[in-house]
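Presented sequentially are two complexes of chain A, the first with chain B as partner and the second with chain C.
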Partner chain A sequence: MRLLDRISRRPWIWSWFAAFLAWFATIVTGGASTLGLSQAALTFAAFSIIVGIGQMFVITLGPGNIDLSVPSTMTLAGTVALKLMDVDNAMILPGLMIAVLIGIAVGVFNYALIKALRIPPIIATLSMSFIIQSAAIWTNRGLRIKPPSVLADFTTATTLGVPNVSLVALVISVCAWFLLEKTIYGRWISAIGQSMPAARMAGIPVDGTRFVTYLFCAVLAALAGYLLACFSGGAALNMGTEYLLMSIAVVVLGGTAVAGGDSNVPGIWGASLFMFLVVSMLNTYGLGAGIRLIMTGLIIISVIMLAGGRQPGAR
Partner chain B sequence: MRRTLSADAMRLAIPALSLTILLAAVFWLQPRAMSYVGLNLLFNLAVPIALATIAQMLIMSVNDLDLSMGTFVSFVACVTATFLREAPLVGMLILFGVVVVYAGLGVVIHLRNLPSIVVSLGMSFVWAGLAVLLLPAPGGQAPDWVRALMTMKPPVAPMAIVASILIAIVAHFVVMRSSLGVLIRGVGGNQRSVERAGWSVVGARAAAYGLAGVFAVLAGVALVGLTTSADANIALRYTLLSIAGVILGGGEFIGGRVSPIGAVIGALTLTLAGSFLSFLRISPDWQIGAQGAILIIVLALRLLLNRLEKREKRR
Partner chain C sequence: MTFRKMLLASVAIACAAIPASALADTSGKKIALSNNYAGNSWRQAMLTSWEKVTGEAVKAGVVAAADAFTTAENQATEQAAQIQNMILQGYDAIVLNAASPTALNGAVKEACDAGITVVSFDGIVTEPCAWRIAVDFKEMGRSQVEYLSKKLPNGGNLLEIRGLAGVFVDDEISAGIHEGVKQFPQFKIVGSVHGDWAQDVAQKAVAGVLPSLPEVIGVVTQGGDGYGAAQAIAAAKRPMPVIVMGNREDELKWWKEQKDANGYETMSVSIAPGVSTLAFWVAQQILDGKEVKKDLVVPFLRIDQDNLEQNLANTQAGGVANVEYTQADAIKVIESAK
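Right, the complex of A and B next:
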């Protein structure tokens, strides 16, 4: 009984529970194949997990901290990397490097704007996203370059029945969990999220920590863009769009406090799986796009109403 | 002279200055724009953006943020182009109903202490779904009276300018001069002290959300009047544009520090930025990016002026 009580206190358990319900409902009532559905869910959730983890770190920094440049960073990294690799298998590593470099550049610019010009993070990353989006349009020019064959195979294949991209997401999640729970850096970002003045008084290098966090978020977004472009057989200019709201939604549904200072990695997994499974559940019932969107929205609101109301003064 | 400048006036000076500079630059590049028709073309699309910005500003004045503005305006546009034309009474009822929903959201957010970002994120899916249900493909037609209103040719100044000034004046009186406006901004400034003074904070928040709903509905109707038809994605940009407009106009994310006149000026500046860039013959690839750059420059200017002001005070 005490165990049950302790588990139900964990904020992430709810998103896992919801994901399981949606999974169960799809298979039992919708008649989907167990293996196929699970693999698809793991594959598509992997991208939101990678982006969501970056966004979670930023949101942990406290109210007003949200990275809106995530979708355009994904698009730019995907486009430029595919262009550089140019279907050549030998160029996979340089392609990955350039994607990461783009992420680093975006992170540096984002934080430079926030710090030097004292622009609120939402507006700073928004302005940056306009510029990055333009850069992506400029480099893309409507061309659709295929990914190198090895990489395309890797991202679409499975290892022991588990999709490779979700393994990548798992490795990143473990690293993120370690950073957050076991290192001083993780303690620092939580402290900053709870109270920036207090963190500064306590001698925490606030600027350095925030800088690294924005950098980390942008690099993860770039990585997700790189993988997504290879997975879907080419970069498209709108490929990041849905990840703007998705990245925020999975963080919040996963039980991370929107007011900052409290985050958790397992919740991101539950929420990402849940978001995909809900859509596929409604799909198997044969509902149209309109109903599906409305249901998704109502589910987000009801989850937050059930789980919310614990942070006074939150936005 | 400088002493007599109040903080509020200072807050307005920078947005007004940026708009003037941008306008001067446009006239210098293209003298023919300096006419009745030219001005109307330049600012035509500013009217719905200004209305949406005022709506966002009302939400921001109680320390919340509305991420569903774009999808909501799109939804209203769809209602206007379908129901409001064919069955005006039903259309009116729907629009009245959604304003009530907005006020209700304010109540729920306050009572359950929910993060507005997440609730509006969920609502954005709901509005998008409803819009897709109404108009699965672009279509519909603007009601004749809306079309007539938006294409009216008043003497002296074009409709776009007259409407913007009217919006600014109305919003100024509601937000800055009425006791309700003071109460709303008070909630943003210090919720607890408003509560202690015996006011109903729930009521204030509901009023702020309801008013925001009214302005957002007007934005959707005005937009259809200009475009003559609607589609479910017509105004998705408005979420980010409205936030940027409020900030450009001297508003802040927290503390109830907002300026309605500034918000309208901010919306005009954003609209003008687009035209300015096409006059500069910047490649269309970079237009969105240059809009981001203008946003950054204006905010940098604001920081500079604020610093100068502070130095002045210290002496």
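Right, the complex of A and C next:
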């Protein structure tokens, strides 16, 4: 009983529970094949997980911190990297490098706007996203170049039945978990999120920490864009669009405090799987688009209500 | 000869030769394109076509200016403000791809009241004072099922990929598809997902619904989603159904690869992005004083097995199979509507 009690206090347990329910319902009542559905869910959740982790770090920094440039960063990184690689297997690493560099550049500019010009993050990253999106349009006007064959095979294949992209997401998640729970940097961002003035008084390098966090988020978005472009057989100008709300939704659903200062990585997984599975479930039932959207909204609200019902002080 | 007589004479000559009349009468006119979205390959092709055709027209002196404006956020309020700016800037005609069929009516009415010709296309507006160049989207949906009925006379299960929920075009194409299924009852739609006219969204949606579907023999689409569907079906290691394509270059390329590898057969249908140039010429004709009916229909562009290679060769990499219209095409469309 005490174990159950302890588990139910974990903020991430509800997103996992919801994901499992949706998975179960789709298979039992919708008649989906277990392996097919699980593989599809892991594959597509991987992209939300990667951008979600970046967004989670930013949100942990406290009220008002958010990165709205995630979708356009994905698009720019995907288009530029694929253009550079130009179907050449030897160019895979340079392509990855350029994607990461784009992420770094976006992160630097984002934080420059926030810090030097004192623009609130929501406005700074939104205006940045217009600039990045225009840059993506300007670079190749939506030209769809196929990814190098090795990379295309890698992103679409499975290892021992587990999709490769979800393994990449797993590695990133473990690193993020380590950063967050085991390093001083993780303590710092939680402290800043709980109270910025207090963190400053305590001698935490607030600006440096925030800068690194925005950088980290942009790099993860760029990486997700690179992987997604290779996975779906080419970059498209609108490929990042749905990941704006998705990246925020998985953070909130996963039990990370929206007010900042308290985050957790496992919740991102549960929430990402859930977001994919709930759409699959409602699609399987063949409901109309209107009902589908209403249901998605209602289900998300109920999960957040359940996850939010934790006792104060409990982690 | 007085100036007035000279003018009359020139008009008379102009009437005799239509292309010359265009030169004479609209050379001082300014036309603006109000576009609500630029974030996909179709819209990019649409803007490129506009630039190319109107650039030549401006150079030739047919019109004084033809500037393109795109709103950043794809929202009706923003586009309404944009139209109001165009009124203030003194454009003579506005060619409009609207974010909403009804929400812009107020702004469009203001433009009409200011004496501006408004021609809407693709995303049309319902305001009666504006012209509409529409595609018969219903027929586009129905013809897909008709094609499948010839190709697969025994019928079977279909998967429908829809566009962006809540958009007029999505409702129309889907209504056409369902009409087609009624007409050919050997087909049954077993699943329907929203692909938002984007390959990656379609891929995700299809991959999610596929595990719970019985064998599917055909996929009816709206364009921009066929390649994503093919990827998802291939990843699930299912037999490849007949996927109706939507003229995108990646779709046509995939089709060509399959055709060469195993004789895969399908067809592809969509509206050509160059319809923006048709709207431009129609606006020019109206400014020229031509009687033009308020509702015009533009034919959609269909690609079949035998003209696939030719269309693929003409399609820009990453773009959409396209037709750019000439003034003569516009006159033909106007004549046929009478």
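Quick notes on this one:
The rule is simple: the second predicted complex is superposed on the first by the 308 of 315 C-alpha atoms of A that agree within 3 Å, B and C clash if a C-alpha of one lies under 4 Å from a C-alpha of the other, contacts with A are read in each partner's own complex, and residues count from 1 in each chain.
Note that in this section a contact is a pair of C-beta atoms (placed from the backbone, for glycine too) under 8 Å apart; a residue touches a chain by one contact, two chains touch by 3 or more.
Computed from a prediction, not measured in an experiment: that's the story for all the values here.
Annotation for the three-chain superposition on chain A: chain B and chain C clash.
Contacts of A:Ser232 after superposition on the shared chain: chain C is touched, whereas chain B is not. In the superposition on chain A, A:Thr159 makes contact with neither chain B nor chain C.
Which of chain B and chain C touches more residues of chain A: that partner is B.
Looking at the shared chain after the overlay, A:Phe44 reaches chain C, while chain B stays out of its contact range.
With both structures placed on the common chain, the touch criterion links A:Ile291 to chain B but leaves chain C unconnected. Residue contacts after overlaying the shared chain place A:Phe130 against chain B and chain C alike. By the touch criterion defined above, A:Gly36 reaches chain C but does not reach chain B.
Of the two partner chains placed by superposition, only chain C is touched by A:Phe276; chain B is not.
Superposing the two complexes on chain A places one of the chain C stretches 41-49, 95-103 or 149-157 into chain B: stretch 95-103.
On chain A, the surface touched by chain B in one complex and the surface touched by chain C in the other have residues 130, 133, 137, 289-290, 293 in common.
If you check the complex, the residues on chain A that touch chain B are 63-64, 66, 68, 113, 117-120, 122-124, 126-135, 137-138, 245, 248-249, 252, 258-259, 288-301, 304-305, 308-312, 314-315.
On chain B, the positions that touch chain A within their shared complex are 63-65, 67, 108, 112-119, 121-133, 136, 240, 243-244, 247, 253-254, 283, 285-293, 295-296, 299-300, 303. Touching chain A in their complex are the following residues of chain C: 38-41, 44, 48, 72, 162, 165-166, 191-194, 196, 198-201, 203-205, 207-212, 227-228, 231, 235-236, 249-250, 317-319.
Chain A meets chain C in the complex at residues 26, 30-33, 36-37, 40-41, 43-44, 130, 133, 137, 140-145, 156, 228, 232-234, 236-239, 241-242, 276-277, 279-280, 283-284, 286, 289-290, 293.
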